[in-house]
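Heads up, the next two complexes both have chain A, just with different partners, chain B and then chain C.
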Partner chain A sequence: MDATRSLREIAREVLSRDDIACLIGYEQGSYGFRVSPCVLTSPDEAERLIFSPLCVHNLTNYLTLENIGPLAAQDLSKGRIAIVVKGCDSRALAVLLAENGIARDRLFVIGVCSPGVVDLKKLERRFPGAVACGRVELQNGAFFITCEGATTSVPAGELLSAKCTRCKTRTPVIYDVLVGEPDQPKADDYADVAAQEATSMKERLSKWRAELSRCIRCYACRNVCPLCYCSDCTLDRLRPQFIRRTVDFQENLMFHVTRAFHLAGRCIDCGECERVCPQDIPLMELNRKLAKDVKELFEYEAGRDPAAKPLFATFRPEDPDEGIL
Partner chain B sequence: MKNVVLQKSRLKMFLRSLDKTRLIAPVNRGGKTRFEVIEDINKAHLDLDDYTASPKGALFPQNETLFSFCSRDGKLDIAPAQDAPQTVVFGIRPCDAKSFVILDPLFTGQVEDPYYRRRRDATLLIGHACKAPTNRCFCPSLGGSPGGTEGLDVLLTDIGDDYFVEIVSDRGRALLKCAAALFGEVAESHASKKEKAGRKSLDSIRRAVDLKLMHEKLPKVFQSSIWQTMGNKCIGCGICTYNCPTCHCFDIQDEGRPNQGRRVRVWDACMYPEFTLHASGENPRKDRSARIRNRIMHKFTYYPLAMGHIGCVGCGRCIELCPVNEDIIEILNTVRAAHD
Partner chain C sequence: MKFEPKIVAFLCNWCSYAGADLAGTSRFQYPPNVRTIRVMCSSRINPAFILGALLEGADGVLVSGCHPGECHYVSGNYMARRRLVLLRRLLEHLGIHPDRFRMSWVSASEGGKFAEVIKEVTEAVRALGPNEIKREQVWMQPGL
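The block that comes next holds the complex of A and B.
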């Protein structure tokens, strides 16, 4: 049975229960290859749900965004939130739970073993102009893309999202019910980080000067990040004002470096920041470098082990660094 | 001087002929097109095949120093903003040119903004008709077209080996006169090619929205649950506002130290909670559904009533760039359906 049909069946059952307030999932978007996040509250709406390689969003972000209609604190008494998660998304959930960002008993987790999602920007460049809703399926190493009545197959590697090409946790690490065939998680070799490590500091500065000069500070990267959920963000502060409102390289650098370090040991490689950036800034390069450093320094990888404490809530007496302990 | 044609190979020569004028044109920065001041014409991205950038910043920059100040030995020096140099903005899309017509009554109307005014008066706009509108374009619904001239001084249309050069304003005519030798006369074949190109572009636009009486319909659905549905999926970022050619809200801040610094004007976004946060801690637009509602109502009700223009040109950048498929066409269709 395909993932969409399984999800709809699960949703119908789950949404008829008294202890579930709503379900956060994916539905067909308004045009072309766009898919939209949705919040369902009744079993009659289950048919709206879909799952495909176009379901790029990490929905766990909605658990921590302020004031989400049915999720607002006053409504939580009505029951748990059911949420659809892919492997990477479930790692965000693991970090949120470990940090007490949300309580496990408020969630009903529908895990989907996702073989990978598309890089929407690449897909839309390849198939420009689609207005009617398109479909994408991933089978035997190829995407089958149906667009304006014609189906084309493209080798998966050409359109697969970068995060999926390096993903080692396709099977969700947390779930109450699982859709799809689970597999064993693999070790991350951080091979993608090697290229940037091979460049000199000078080259890196000039690269990031060019990249970050483009930033318009729309804060989409921050807002889409499930783990950027401080209720009082330093970026919004006027007194003291750590980062000026003027948008230039200096202030943008301060913003992105601050954000990257706040995500060190927390970023779970869902790639949402990079996906949503309207200026195509390769933000995941920063996050991946820090994830690799954290792995090497502390043998820690965020969200892979749901039982693990947050990195900064752990220490080992035999830690070779003197540090602040 | 009537309409003329310009051989494509002469475009750079024409732009070079403007040497006493500052030129702002699209440049490619890491695959993204932006409008920037051009020092070397060879670095400009003149193929104009990319629709990403809005030229809003040419007249309403994201950062703008209003004045700088310095106090020494009890004496306060205030340096006013720099004068706006004579400027030509090249390569503007017709929809974006129209956005300046929409912004004009706000910045140069009852309360005149001297910074915008100076820049507006010193700037000529050379447009480029759209050859290949995208799947998020809907300018005809807003009274525009891929070959529209509203707001422009000159419009170029690609007709194969030449550009058809349409002179829209007297200032545009004066600009071209300075380089008259570069241009050729319009033959009948040029005119028919131009008309054909315009029709082809217009026919390729497939998205539309019915805006009839929208400014009256919106207030009637103010309390509707449709806003909650949209607010649920909105992540509250500034993509839609910052990439919108007509969004114009700004913040004013003092940056620097108490004895030396500057007063700057920076873009602001109504989708940020801080936008309406009062000093008391109260926020009248408490959640994202209220903010989306305000953004839509500002564009399609409040602004038309106050300024006589709908605050949207149908460029569709908000549709393309929204991370969660908030689609302004769909929103307006939902409003219409909820009301009817």
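The block that comes next holds the complex of A and C.
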């Protein structure tokens, strides 16, 4: 049975219960390969739900946007919020729970063991100008893409999003019901970060000077991040104004270091910041560098354990004294 | 003109600032390149202060606090260490030399060590040359 069918069955059952206010999932978008998030309230709507490699969004973002997002229109006093999460999204949930960003008893988590999602930018480059709704399925290591009446098969590696090629925890870490076959999480080797570390300091500075100079400071990376949910964000503040309004390398450097550093020990590698970046800045390289160092220095990994204390809320006396005189 | 590095040193009130004071009263010689800023604890240091100082034109930044286990606020320096060791690695990844940002532990009785730390930091930064990430477009002085 495929994920969409089981998801619809679960949704019908869940939405007919009294203690569930609404369900956040994915539905077919209006054109091309677009899939859009949706909020359902009645069991009759369950047929709208889909799950495919096009379901790229991390829906947990809506949980912290109760007052301005689609949840604002819902009567949440009726009960819990049901939410569809992939493996990576569930790790965001684990961090939110660890930080008391949301209470577990307000959620009903529908975990999906996702075999991977597509990189929409690559897909749209491959099938330019697709207007009619396309479908994508992942079977036996290949994507079957139905677009304008024809089905093409493409090896998974060519279109798989970068975060999925290195994903080690496809199975959600938190769920109330699970769709798909769970597997054992593996340890991340951070080979991609190690490769960048091997380059010289000069090369890295000129690389980041070029990358960060392109940033137009649209703040999409912050807005889409499920874990950037402070109502008063330091990036917006004028007093103290750490980041001036000029859009150049220096201010962008401050912006991106602040953004990445606020996610140190929290980023769960969902890759949303990189996906929404209109300038294709490799933001995940910074986040993953921090994740690698956090693991090396403090033996801490974000989003594995909802009961673990947040990284910077705790310390060990034996933490390394690296570079301290 | 010969390059003279500018070093911004954030010193904690209880140990390092008193250590710097002792270095002065004990007549220890150390380079005059350092500008000290007294903070109540090394964990007061927001990572944005360090990058901010570099953007403003400092060639090096030093954060100094009490030795581990001796913090006036019990655990402030442990918290600072977690954050700042990580920040140092991130800046290094972005191509900013780790010698531009150092940390040290100097207690109130270590005037000699304070002078040694300042010497070491200043010489390391002098060898690196001027800061390459300084702000270029300074059209506005920040509101004070």
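Definition applied: the second predicted complex is superposed on the first by the 307 of 325 C-alpha atoms of A that agree within 3 Å, B and C clash if a C-alpha of one lies under 4 Å from a C-alpha of the other, contacts with A are read in each partner's own complex, and residues count from 1 in each chain.
To be clear about the criterion, a contact is a pair of C-beta atoms (placed from the backbone, for glycine too) under 8 Å apart; a residue touches a chain by one contact, two chains touch by 3 or more.
Note that the structure is predicted; figures quoted are calculated from it, not measured.
Peer 1: Under the stated touch criterion, which partner chain does A:39 make contact with: chain B (first), chain C (second), both, or neither?
Peer 2: It touches chain B, and chain C stays clear.
Peer 1: So in the superposed three-chain picture, is A:149 touching just chain B, just chain C, both, or none of them (first/second/both/neither)?
Peer 2: Neither partner.
Peer 1: Does the superposition put A:246 against chain B (first), chain C (second), both, or neither?
Peer 2: both
Peer 1: Quick one: is A:257 in contact with chain B, with chain C, with both, or with neither? Answer first, second, both or neither.
Peer 2: Only chain C is touched by A:257; chain B is not.
Peer 1: State whether A:202 touches chain B only (first), chain C only (second), both chains, or neither.
Peer 2: second
Peer 1: Taking the stated contact definition, name every residue in chain A that is touched by chain B in one complex and by chain C in the other, in rising order.
Peer 2: Chain A residues touching both partners: 244, 246, 248.
Peer 1: Of all residues in chain A, which touch chain B in the complex?
Peer 2: Listed in rising order, the residues are 29-32, 34-39, 57, 61-62, 65-70, 72, 128-131, 210-211, 213-214, 216-220, 222-224, 236, 244-248, 272, 275-276, 278-281.
Peer 1: Considering only the defined contacts, which chain A positions touch chain C in the complex?
Peer 2: It is residues 196-197, 201-209, 234, 239, 241-242, 244, 246, 248-250, 253-254, 257-258, 260-261, 264, 286, 289-290, 293-294, 297-298, 311-312, 315-317, 319-325 of chain A that touch chain C.
Peer 1: Help me check something: in the complex, which residues belonging to chain C touch chain A?
Peer 2: My answer: residues 46-48, 51-52, 55, 68-69, 75, 78-79, 81-83, 85-98, 102-105, 117, 120-121, 132-137, 139-140, 142-143.
Peer 1: Over in the complex, which chain B residues touch chain A? Could you list them?
Peer 2: The contact residues of chain B facing chain A are 29-32, 34, 62-63, 134-136, 204, 206-207, 228-229, 231-233, 235-239, 241-243, 251, 253, 255, 264, 266-267, 269, 272-274, 286-289, 319, 321, 323-325, 327, 329-330.
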